[in-house]
Structures are given as structure tokens and as C-alpha cells.
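Structures incoming, each one as C-alpha cells.
Heads up, the next two complexes both have chain A, just with different partners, chain B and then chain C.
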Partner chain A sequence: MRPSRHFDVVVIGAGVAGLTAATRLAQSGARVCVLAKGVGSTHLAPGLVDVLGYDPERVSSPSEALPSFLDAHPEHPYATIGLDGIGAALEWFGRVVDAGPHPSYRYVGDLSHNHVLPTALGAKRPSALVPETFAQGELVARRGTSSGPICVVGMRVLRDLHASLCAANLERDGVAARGVQLEVDVGRAEANSLGLARCMDDPKFRATFAAQLLPLLHADERVGLPAILGLRDPHGAWSELERRLGHAVFEIPTLPPAASGIRVYDALRAALRAAGGRLVIGASVVDVEREGDRVTAVRAHTSGHDHVYGARWVVLATGGFTSGAIELGSDWHARETALGLPLRGLPGEGEPRYGGDYFGEQPMARVGVAVDSSLLADGTSNVLVAGAALPGAEPWREGSGDGIALSSGLFAARTVLEREGATAAA
Partner chain B sequence: MSDVNPITEALGHELLRSSLDHCVKCTICETVCPVSNVTPLFPGPKYAGPQAERYRIAGVPSLESSVDYCSGCGLCTMHCPQGVQIAELNAHARRVVKDEAGVKFRDRVISRPTVVGRLGHPVAPLANFTLGFGPARVLAERVLGIHRKAALPKFAGRRFSTWAKRHQGPANGRKILYFHNCGTEYYEPDVGEKVVAVLEHNGFRVEIPKQDCCGLPLQSNGLFDDARKYVLKQARIFAPLARDGTLIVGNATSCTLMFKREAREILGLEDDPDLELVSRQTYDICELLLEMHDAGELKTDFQPVHETVAYHAPCQQQGHWIGKPAMELLALIPGIDLREMDAKCCGIAGTYGLKLEKYDIGMAVGADLFGQVEAAGAGVVACDSETCRWQIEHATGRPSKHPVELLYQAYGLG
Partner chain C sequence: MTTLSTDVLVIGGGATGAGVAWDAALRGLDVVLADRGDLATGTSGRFHGLVHSGGRYAVKDPDAAKECAHENGIIRKVASACVEDTGGFFVTTPFDDPAYADRFAAGCKATGVPCEEIDPAQARLEEPRLNPGVSRAFRVPDASIDTWLLVWALAEGAREHGARVLPYHEAITINRDGDHVRGAGLRNNLTGEQVDVEARITVSASGAWAGRVAEMAGIEGVHVLPGRGIMIAMNHRLLNTVVNRCQMPTDGDIIVPIRTVSVIGTTDVHTEDPDDHTVLQNEVDAMLDDGEKLVPGFKQARALRVWTGVRPLFEDRKGGDSGSTRDVTRAHALLDHRERDGLGGFLTITGGKLTTYRLMAQDTVDAVCRQLGEDRPCTTDVRPLPGSESGEYLHINERLRRREETLQDDQLVCECELVPRSRLEDAARRRGSFDLDDMRRQLRLGMGPCQGGFCIYRATGILHGLDGIDSAEANSVLLSFLRERWKGVWPILYGDQVRQARLDDWIFQGVLDVGHLPS
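Here is the complex of A and B:
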């Protein structure tokens, strides 16, 4: 297996963790190539950066809750990354979006408090860093935040947000809300939120949409739309609707695909490209070459002949069970599929693997690739792990998915830079 | 000798179907489908692929025919994180729909570029006049169903293979086999000449075997049996010459993808040893040159090219799953103002956008790209596939070139 391409770093996986690590490294001048079997969770999740939402009760301030959380969860990725590392990741991501392809679009928030925003079902979602287009949906009154009753806007063509259901659940939770149904013509019988987001990129559609919605609104209402405010210019679409309606407007996440998540992918990809990084989608890593404890090359399955990528460093950011990065066989044998790295957190022989409560503690959920305190994979000296491949977390119960992805991606990049700096200095 | 083996095709189809279980209905394929994005006539890759596939049973009539509106671009398969072969399954479903309805005479004609080429080439001036003559195009639209405005290429009036026979290459150098495709043969022989010049400049001795169509247009028009004959004919020509490790290089990314992967997967030819060898040893020209550059073997004696160049990666280029090597090669040229286009597809998809009932869809698909080209103020649009280049020129009025043409210019080989 003779590598025909050589990189300082090969990153496997094009989700938030992989793109973050790759972009940060490329920004420091490293030759970086991202290999990914497909695109990742950015296209499915709404792009809200949850850092710590529950511990186990809803967290109002991550910076206050994290110190005791880290003490209680020494195996959690955050325990390695630390509060400063998480804060730095949020700031870095904010700068990426500021410099990104969406004019004037930005994220708001930090670790000091969680926004509490409505979900499509009218539940409350705590999130530290959110797009400006979501922020007016704040459900917990604080100084400087929007208040006032909420008008949730549904559309017959969109089956992924039922306005009256969302509003009724908000009401049950003490938030004044009502739902309205809008008839919009999108040229087809039904559309998902991505289809509507593409419509919203068109100024004519925005004007018609606002004209239809305006008569349905009551004074002082905030307008909750499904997350459809465009892919090209979400800030422009959002501020134009606010201006035309004379009401505060915010997005509510719906089912996948997620237009607001695709904006995250587009922003990170633009930053990677601007920094000179390569991105190869469609190439799955199927084999690896080692010299002692170093991975020296990875083989990617591509059309025709495979491509072999030589690398000084490898960052594994392939995700967990849901993305197929970790597999559990019918013989209960679990394995990491790309590089065959050892796992941590597997329940022992005879121990429970799953709990009866679907949303309760699930022992298998904390399984991930075994790493040391630098996020180096066990048994290797140059493979770092980031994102959902890491062990010790339960992102969906903690409300911590993108927080872990961003901060571990940045942390992995920092480890590489520190070690390379040490090598250069030596 | 019959190369058609129905058992192999059925097994190949079953192999594709085995990827269905990996579909988690995540909708990522729908986010990248250029066609369903612009028309309700195609309900999208997830619906037409993994979902509808469960209701398709061999020998039972198709329930609906919307899959005919799939352009076969393959972006769904490329972006699927679970490895579902959506586009390949849809190619099979489309073939069944076409079988049931009967493949149109038009599709039988436009899917045979070498036949069209052989007929048009000797009468190139007349053929070109006819192709550019409004009333003739209206007639062609009425009789054949080829849209009167569709981007049809002009016959060059000379054939690449004639040039190749006379061409005196270097006596020594690393041997390489060149698959030049039908577009180069009949319409753009100058592109082939530049490919040869760039390869020779980098120390290759280029051999150009007598060759024919790769079969891709037949495959995408549902004519699998004919496609199989064409692609295997090429495999029988190239495999013996490549058995000693000699690489095969092509400049049409669609045709090289046919060799690399599509014919094997879609036509059920995984077991053909000749095609397997050809698949393994085929390179896209930019893939090859970038690999040489990464190994420090590519000459970089480039002169500046002061031009704003928009680069569009065709769908079938992306289907190689190798990134965008052309972008990185062009970036080596001093003075170039290179802009990467971020649109999904130009809308032509081989023969798709020529068809009367699909022309408007193709133009709507391409609108994003055309807008980006305008916004970039590009003097030239670089693109690896000839049908895409013709579509881009037709829609934007700006010249479109193969990336190798720009390298040729920068090398000062003209």
C-alpha cells in the first residue's frame, strides 16, 4: 500500500467535529485532507450548539453547571477539554460563521446562560449558542430577550411542523401561544423545510409569504416559523420578514433535512476551503497502514482503484453507532469500523447493555473509542478522536452534541499543533 | 459470443438491493438531488429509491414512472453516509420503466454518439448548418423530441483518431493508454490533442488504441444490453494492453466513471476480469496529473494565465469520489483568478437535458450554476465533461474549457 498523496493531517468524517478539526489545522498552515463516506449530521440537526442542557435537570448556565458536571463525569470528553476549551470553541465557531458565506448571519450566546427555545412539539430546548434567526424564540424571560405571546406558523404543504400542536404544548407549559395555518403555493402538494428554505431564498416568495401572514398576526406577537429562512442569505430573509411584518420572527427546528444545519456545513466548508484544505466526499476509509504505534496511511475506497493517503496525523471524527462508525454485531462484539481502534465503556459480560426506559440511562450509549487525556486513541501515537466517536457522553440526554463536536474537534487540532510545535522546536 | 449474462445482472441487482437495509431515511440524499429540487415531477431519491424499491418485484409492472425523471447524476449515492446505492438502484428501476413503455426512437439515436458521429462527420458543414438552422430544429423537436434550443455540439469536420494516427510522439517515456471518448473524436479533437501534449510534456508516451463508445449513454437511456456490448468491447481492447500495469487515462469524467464503477455495478459486470482490470487502472486526466504533482513528478513550468476561471465539477466527476483535482491543478497556474462554483449540476446530465420533456428541467437545474458563473464574472468556465461544457456555453454565453486546455495554455504548448 504505497501512498500516492501525503498530508500533514487526514481527517476522517465531515460532520461538525471533523470539519472543525480540519479547518483549525488548515488555518495554521497544515496540509489537511478530509475524507468522508458522505455528509453527516449537519444536514439533519438544526445547527443549535447545545453545550450542556441537562444535569439531569435543565441547566440555565453551562458555565456554572460545568465544574460540578466535570467532577461527576471524569470519563466525559468535557473533563479532558475543560471549561476554557469549550468556551474557546464557541468563540472560534462564531468567528467562522461571521466570516462565512451567509452575509451578516451570526450566532448569539455563550456559556453564561442557555437560551431556552421551542421545539417543533412545543417543548423547551436549552442551547448555549444559537443562530440569530432562532434567538427571538426565547421562552424564559430575561433582560434583553424577547417576550410576548407566540404565534406559531404552520403550512399545509409542510407536514413537519403542526402549529396548533406546538402552540398547545407551549401553552401547557405556561407560554402564551397559538397556531395559525398558512396556505402557501410552492408549486407542489408537499414540501419539507429544505424545499421551503429554497423558496425563501427568492425575494418574491418572501414578499408573498409576508403579505399572506401579516393579516393573521395579533399585536405584540412573536412569529415562530419552521426553520426555513433560506440557505443563501438567512440574515437577509429574516430581517426582511421582520421588517415587512413589524413583528419579531424566529425559527423553530423541524424534522430533517435541516436548512439551518446545512448553513453550518456550508460555513465550515467555506472556512476549510479558504484555508486551503481538501474535502473528498464519497470516499470511505477501509484500511490502514501502521508502523509500530503510528498510522502512516489510510486506504480510501473510491471508484475504480482505491486511493492511499499518507498522513503524519489522523483525526477520527466518524461519529458513533448511528453513523455506522461503531458497530455492534449480533455476537455482541462491538468494533470501530474505519481503523479498528479499541473501544471503551463496553458493558462487561453479563452486565446490562440496555435499559427498559427508552429515554433513560443506556449503558451502550457511552461506548466510544478509547482515548487518553490528549484525545489520542489508545495504542496509537498519532490518531486523535473527536466528536461522537468519543466515549463517556450521552449527548441526547445531556443536550451536549454539537458542544462536544466543536470543542473536541478544536482540542484535537490543538494537540496536533502542540506536538508538531514541540517537534519543530526540538 | 454473448457477453450478456442475465444471471450476473440479476445478482448485481440483488447486490445493489442489499444496500437498501442501510437506509435510515435520513433525507441527506434529498438535500443534494438537483432534479427534485426544481420539479415536482421527480419526488426525490429517497422516495424513488429506497422507499419505492420495496414495492418493485421482478416481473411485476412498475407502479409509477417518475423515476424516469431521475437524471442519474449520482450525487445521492455520493453523499449518502450509510452507503446506500440510490442512483444505481434508480438506474435499474428506470430501465424497467423504459422497457415497459418502449425506449423511444430518439433515445435509441442520441444514446449512440459514435453512430451519430459517423453519420454527421462526413457531411459536417451540412450537419452543422442543419443543427443551427431554426426550422430544422423545430422539425427535429416535432419528429424526434429533441428540444429546439438544446445544446447540441458542432461537428469538428475532422476526427481525433485521424490526427492521432499521424501524430509523431516521443519514442521514449512512460507508456500510457488514452481513452479519448466520442466527444473528442467527433466534436472536440483539439481537446484530445491538448491532452496528448500535456501528457507528453510530462514524460509520457501516449498510445491511442482504436476505440468506440463506452456505453454510458445507452445505459442511462435504459438500453442495458447494448451498453454492456459497448463497454465490454472497450474492455476487450484495453485490458490486454493494460495487463502489464500500463495505466489508462481519459479526459471525459463520465466515460472514465463508466469504466471505473458504473458499468460494473449497474450492468452487473462485477465478475468480468477484463473490465475489472480496466476499472482498476483507469484514471481521470486531472486525477493522474494531481497524483503526479503530489509525488513531485508534475512539471510546473507554468506561464501566467490572467483570466477569471470558474470551475464546475460535473456530477460524474464527483462520482469518482476523489475530490476536485482540477481545482488544485488550476490553482498551480500563476495569475489565474480561480473561483470554485458551488452549484450541484448544470442540468444536461449527458442526454437528459436535450429531451423535449426535460429541457426546461435541465435549465432550471443549471440556473444556480449559471447565476454563479455570471456573478463571478468568469471569462472561462472550466469543466471536465463535454456535454456539461456545451450546456454551460449554451446557457451563459461564456466559453467553457476542459481544465487540461488551461494547463496546455499555461505550459505554453500552443
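Here is the complex of A and C:
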């Protein structure tokens, strides 16, 4: 197979990890192409950047908790990346959003403390870096944060956030809260939060929405809305609602899909393009060419025909089991599906793959692509691994998903740049 | 404590017990039906959903075959709304003894099981995924049945005729007065309340648990050998016809299409404990391999859930034990303890199979009437169950049709199984239950490919909004649903279903953070 185009780096996967690695490399002048079967979990997850939420108790300060966490979990991606790398990743991401396509929209927070925000069930959930549109849902009183009773706003048309249940759980956990329900007409019986976010992009809809909500609010209440504050101009939609209502407003994550997650995708994609990177969605990697321990080209299947992309470096950011990047067959053999890389953390023959208690230990959860301390995949000299494909983490329990994605994406980019720099110097 | 007085107390709310309640109520008797859990949560709710044509027993157990053939015709009429007229095939695959086919055909003829040999090409035409190596094929009137629809229709019919139906009421004492049983003491397992039922006749229809209930009455030797079998529901209808391997019945030799899934069954392992729901890895592997023999590519479908059920195989004997349960008769046993043990007012009905539930109920209520000295003829063979009056079968497209009617007006709570919000709210109000597992059985909520990933939060919010439960109870029903679901998911978690399970983990543990709800 002969490459029809050549890149310094081919990144496989367009989630947070892949787009981060690609953008960072493109910003440094590398010729980068991202190949992805489809969009990543950005469209499903709410876009809150969790770094370390639980260890196993709720973490109030990731920067304080991480050193002992790294010691206790030498197999965790963070142990390779280190505290500084994680902090740098959050700062980098903040700048990407600041420069992004959503005017004035920004993220707030850092490693020093976790925001504690309500979930759609009314649980208190920690996140390090959150969109400004979520921040006023803070549930743990601190200097400079919002306080006051919460009014959770539900809509019958939206099945994916139940305001009264959310508020009742907050109330039981010591937060003054109540739920109200708006009747919003979207011309059909049901809409998800993405559909409603598209409605919110329309100023007329926002005006009607605010007018309907205003009389239901009590003095001093903070208003918790499902995360529907638009895709185009979330800052504008948010500040307009605050102005019209005269109350602090914040978003609460709903069941997928997630408008706030799509904003993350949009911001990263814009940054990648601004830096000259390419992004091909709908390209699934079917084959690779190797020379010794190097992958020299990637063949991707697209709707028309196959293309071969030559590459000096490959970043594998395809995700874990959720995305299908790692597959467990009916013969109980697991494999990495794009490049066939070796895995780490697999339970041995006869050992349990899963535990019978849903909330107990689940051995398969920590399986990932085997890497060395530079995130270089075992058996290769130019394939780096980032994001949920990495072994050793259980992000949905630790509260570490986007933290791992961002910091490992940047780490992989840095490894490439360092080695290329070394090559150039040599 | 509440005291109820009735003619007949039925202990056990499976198909047999509900069938007894329906039969007795139709005969004008006053009935109380009690189960320790929800209705149809024992063996009746834990099988593959087959209405036997009798073909499976045609060679091995001709009496059972005859019974099945007869009852199959009746169920199709009186419970049509619960039955899918799938039809069935018996096929000789390359893995089966080719000589069995002739014995099978002869057995069907001798036992009256309608059976027609067809060209294997015709079978393949109708079921293209069938193993191309099939050398002989027979058509029989197998069907599939929604067991929860059936049992609830029986209970509803009984209730319309005055019966009182008490799910979650466990018998904790059988009350004797000398050599006569006078009823039982029940405990409401939801509230802890005691309910004393005074009954002229007490019927134990507790299947695999019959020995335990008999012991409460002081009767020894009611020996029910629980035969544990596993079943796996595969996503989608891999077949639309029940397909059996044409061989002596063995493990993993039948696939039953039912509602949105195809169920493969089953194994048969002796167990001491009827509540033993162990699923062994080698059983799962063997079952999946067996699926491949009937439908090549079977394992590439998503395995949604595995469960076990226990057959109540009855042996009236004392002491001794046999290793295999496959060879114990499938026939049912009615024990009149007045004749057997000198204890009046108490009957045990056990053994049998779902297909013969009606016959078992008829035999039982006949015996009830004999003890009461009353002549009340049975009518369950001609009287349709509530909902089955039109005689129309259940169709797989039923929900889609109903959905089309309310497309713009009614929200879907569960997209996989097309459960609208109004049905959930109605069911919760009607049942007075806010248990998501009850709703699952009632509505198939959360039974589809996503295994509740999306609908369970929604349903919890909706049930909480009905003011039936506070948030602590809402959390608890959600968590218990997740724990219960996982038991049936993890042993078969491979392929695309791993992706689904992991997405569900993200939703529940990540986005909703159910692990850190206020206690």
C-alpha cells in the first residue's frame, strides 16, 4: 500500500484526548491529521473536566490529593503524567476555550479545589474545571462562591432531568432546593437536551422561556436549568437569562446527549483547524503498515474508498471499551481493534472478569493498551496512546475522565515534540 | 393484623397458582391468592417462554406430549393475547443423530402432536439464519408466550370474579386445627404487616418451593427436585420461529423468539436450593456454542441477559437421591393431603410445566370441589382471559402500532421496548407499586439492549413525581434495579454489549453519580 498523503502525526480518534494531542502538535507546527470513525464521547458527556473526584472519598482539592493518589496507583495514567502535567493540561484547555468559537464562554477552576455540583439525581458531584455556566451550582459553601436556595427547573418535554427528584435529594443532603416544572412547547411530546439547546440558540425562545419562568422564582434563589444553554453562544444565552430573570443561573448535566459536551468538541475542533490540522470524521482505520517496530502508514476506510496516510508518528486515542476501541469477544479474548496492540490489566485465565456486585471491584474496568512511561505502546517505537485507551484507571468511578484525556493527550504531544526535537538536533 | 376469610387460599402466584385462582373464581369460589414476591417471579417468570407443541416430549415422555398438545390448543384460544403464534421447527442439524427424526415423527403421530415434515429448503426460506446443514425439518405448533401478561391476566380475571390478589405476601405459617388446615399466616414483605387468612381449603401452588410449604403444614416427603436451567436472551429476533434440535432433549437445543428477543435454553442441573441462581461460566460458554449450532453467527448478536429458573420436578418418595433431573417426569403431581397424609383442607400442586398450567389448575380445583363436597364444573378451557376475548394473537409489531397512534402526544420512557410514559404511570397507579423491577415485568421497561441505561433514571423521576415515593425510596428502587440487573448482565458481558454496559456505567456512576446519593 502506497500512502497518498503524508503527515508528521496521524491521530486516531476525535475525542478530547485525540483532539488535544492533535491540536497541541499542530500548534507546534507539525502536519497533523485526525482520523476518526465518528465523534467521541464529547457528544455524550457533559464536558465537566474531572481530574480526581473520589479517592475513594470525595476529594476537595485534587492538587492535595493527587500526590498520594499517584503513589498508591503506579499503574494509573496520572502516575506517568504527574501533577504538573495535569495542571498544565487544564490551563491549556482553558486557553483553547477562551479562544474558541463561543464568544466569551470560558471554563473556571483549577487543581486547587473541586467544584461540587448537582447531578440530575441531586447527588453532589466533584469536578475541577467547569464551564462558567455550571459554576453557580456550587453546593459546598466557600468564599466567593454562590450560595442560596436552589430552584431546579424541569420541563415535561425533557425526560432526562427530573427537577423534583433532583431537588428532593439535594434537600435531603442539606441544600435548600425545590423543583418546578415548565410547560415548554417544542411541537412534540419529547425532546432531549440537544434539541432544547438548539431552541435556546433562538433569542425568541429564550425570551419566552424567561418570561414563563420568572413568576415561578422566589427571591434569592439560584436557578438550576438542564444543560441546554445553547450550542452557538452559551455565554450570551446564559447571561441573557440571568439578566432577564435577575437570578443566578446554572446548568445541570442531563442524560446524554450533552450540548455542553458538544461545545468542548467545537472548541477543540476550531483550535485544531486554526492551527492547520486536518480532521476526517467517518474514517475507520482498517490496516497499518509497519517497518520493524514503527507504524509507517495507516489505511482508513471512508465512504468512498480507502486512503492511506503515511505517518512518522501515530497517536492512538480511540477510547476504551465504551467506544469499541477495545473489544472483548465471545471467546473472552480482548483486543485493541485499530492496531492490534497488546493490552494490560487483563484478568488471567480463570480469574474473574467482572464482580457480581455492581458497585464492587470490576477487574475488566482497568484494562487498556500496554504502554511505557512515555505512553509509547508496547512493541512500537512511534505509537503513543492517550485517553480512555490507557490502562489502570476507572474514570467513571474516580471522577477522572476528561482529566486523563486532556493531560494524556498533551503528554503524548509533548513526547512526539521532544523526540522530534531530539531527531532534528541529531 | 388483618384477618381475611375465604373459600380457597392459594399460596404461590406463578402460572399454576394464578391459574387455580382464576379457575376457582370462575367456579364461584371466594379466593385469596398470595405470593412471597411479585406475581410470576418464580419458575413462571424465569423460563424461555415456550408454549410446547408436545414435540419435545414426543419420544421420551408420551404422556407429557399428549397433555402439551391438548393444552397448546386451549392456551392459543383462551390466552391468545399473551401468545405469539410463532410456530415451531424441529430440525436435524449436522450435530444430531439422523436416526432420531423418524422416531420423532412416529412419536408425534402416536401422541397427537401435529407435525408435518417439510423440505429443509423451506425451513431455510422461512428462517434464513438457520444452519444450512439442516437435513430434515418438521413443522409443529410451538408458540411463545409472554408469561407476565399471562399470569397477570389470570390474576386480573380472578380479581374480576371477586378474588383478592396479594403479591409480596409470604406464607410464614400453615395453620392447623388438629388434622385439618384452616388457612395460613401471611407476612406482607413490603410493610411487615401480618395477614391471617382463614380458608376452607389451602392450596400450595408453590412449585419448586412446595416441599417447604408442606413442611410448614407438618408434612414430610413432598420431594421437589429443583432442576436449575440457564437461559440467555439475545438481542433481536434471530429467528421468528421456535427452533428445536431434532434429538433427545438436551442442553441448549431450543431458541424461542419472544417479544423483542430470542431466548436460548437451557441446562438442567440438580440443585438443593430453589433460590439458587448461580450461573456458571462453562454453562454460558456451552449455551453460546449451542446457539451457533442452530444459528451460525449466533454469538455475534448481543447477549442481553442471562437468568436461571428452577423446574419443579416432583418425586413422591422419601430419602434417596438421583443425580440427573432431566429424566424425572415433567408430569404434574396433585397431592391431596387428606388421602396421602390424613390432613384435610390442604392440597399441593407441583411439577408440570407452564404449558399445562391450566390443566394443573383444573385438576386442583376439581379436588378442591371434591373436598368441599360441591359440584362446580370447570370452564377455563373455553373462557377467554381478560384481554383475549377477540382471540387475536400477540404480534411483535403491537407496540410499534400503538406507538404510532400516540406519536405526538405521549412520551417514550423506554425507547428499546417502546414504553410510553402514560403506560408507566397507569401501571404504577394500578399496581400501587413503585418498584422498577415490578414495572420491568409489567411493561418490559429496561429489558431492551440498553438494559435500563436511559429509561431507569426517567422512570425513577416519573414515579417520584407521582407522589407515591419520597426521594429516599426513589434512590433505593433505582439502586436495587441496578444491582439486580447487573446479576443478569455480567456473566454474559462480551462484544457490543460491553460498550452498552460501559455507557450505562458512565451514565449512572459518572453523570448521575448514583454511588454518592444522600443516604
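Throughout what follows, the second predicted complex is superposed on the first by the 425 of 426 C-alpha atoms of A that agree within 3 Å, B and C clash if a C-alpha of one lies under 4 Å from a C-alpha of the other, contacts with A are read in each partner's own complex, and residues count from 1 in each chain.
Convention: a contact is a pair of C-beta atoms (placed from the backbone, for glycine too) under 8 Å apart; a residue touches a chain by one contact, two chains touch by 3 or more.
Please read these numbers as outputs of a predicted model, since none were measured by experiment.
After superposition onto chain A, partners chain B and chain C are found to sit side by side with no clash.
Contact with chain B, but none with chain C, is seen for A:Thr302 once the two complexes are overlaid on the shared chain. Using the contact criterion defined above for the overlaid structures, shared-chain residue A:Asp233 touches neither chain B nor chain C, since it reaches no partner. In the overlay built on the shared chain, the residue A:Glu221 is in contact with neither chain B nor chain C. In the superposed model, A:Ile281 makes contact with chain B only, not with chain C. Once the two complexes are overlaid on the shared chain, A:Asp402 sits clear of chain B and of chain C alike. By the touch criterion stated above, A:Glu138 is placed in contact with neither chain B nor chain C.
By the touch criterion defined above, A:Pro256 reaches both chain B and chain C. Looking at the shared chain after the overlay, A:Gly40 reaches chain B, while chain C stays out of its contact range.
Contacts of A:Arg198 after superposition on the shared chain: chain B is touched, whereas chain C is not. Here chain B and chain C are compared by how many residues of chain A each touches, and C touches more.
Put simply, chain B and chain C get as close as 5 Å, counting only Cα atoms, in the superposed view. Chain A residues 44, 188-189, 256, 322-324 lie at the interface with chain B in one structure and with chain C in the other. Across the complex, chain A is touched by residues 288, 299-300, 303, 407-413, 421, 454, 457-458, 460-462, 464-465, 470-472, 474-475, 478, 482-483, 485-487, 490-491, 493-496, 498-499, 502-503, 505-507, 509-518 of chain C. Contact residues on chain A toward chain C in their complex (touch as defined above): 41, 44-46, 54, 58, 119-125, 156-157, 159-162, 164-165, 168-169, 171-173, 188-190, 253-256, 320-324, 327-330, 332, 353-359, 364, 395-397, 399, 401. On the side of chain B, the complex with chain A involves touching residues 22, 24, 26-28, 30-32, 37, 40, 77-83, 256-257, 259-261, 279-283, 291, 294-295, 318-323, 328, 340. Taken in their complex, chain A has these residues touching chain B: 4-6, 33, 36-40, 43-44, 187-189, 192, 194-195, 198, 256-257, 262, 273, 278-284, 300-305, 307, 322-324.
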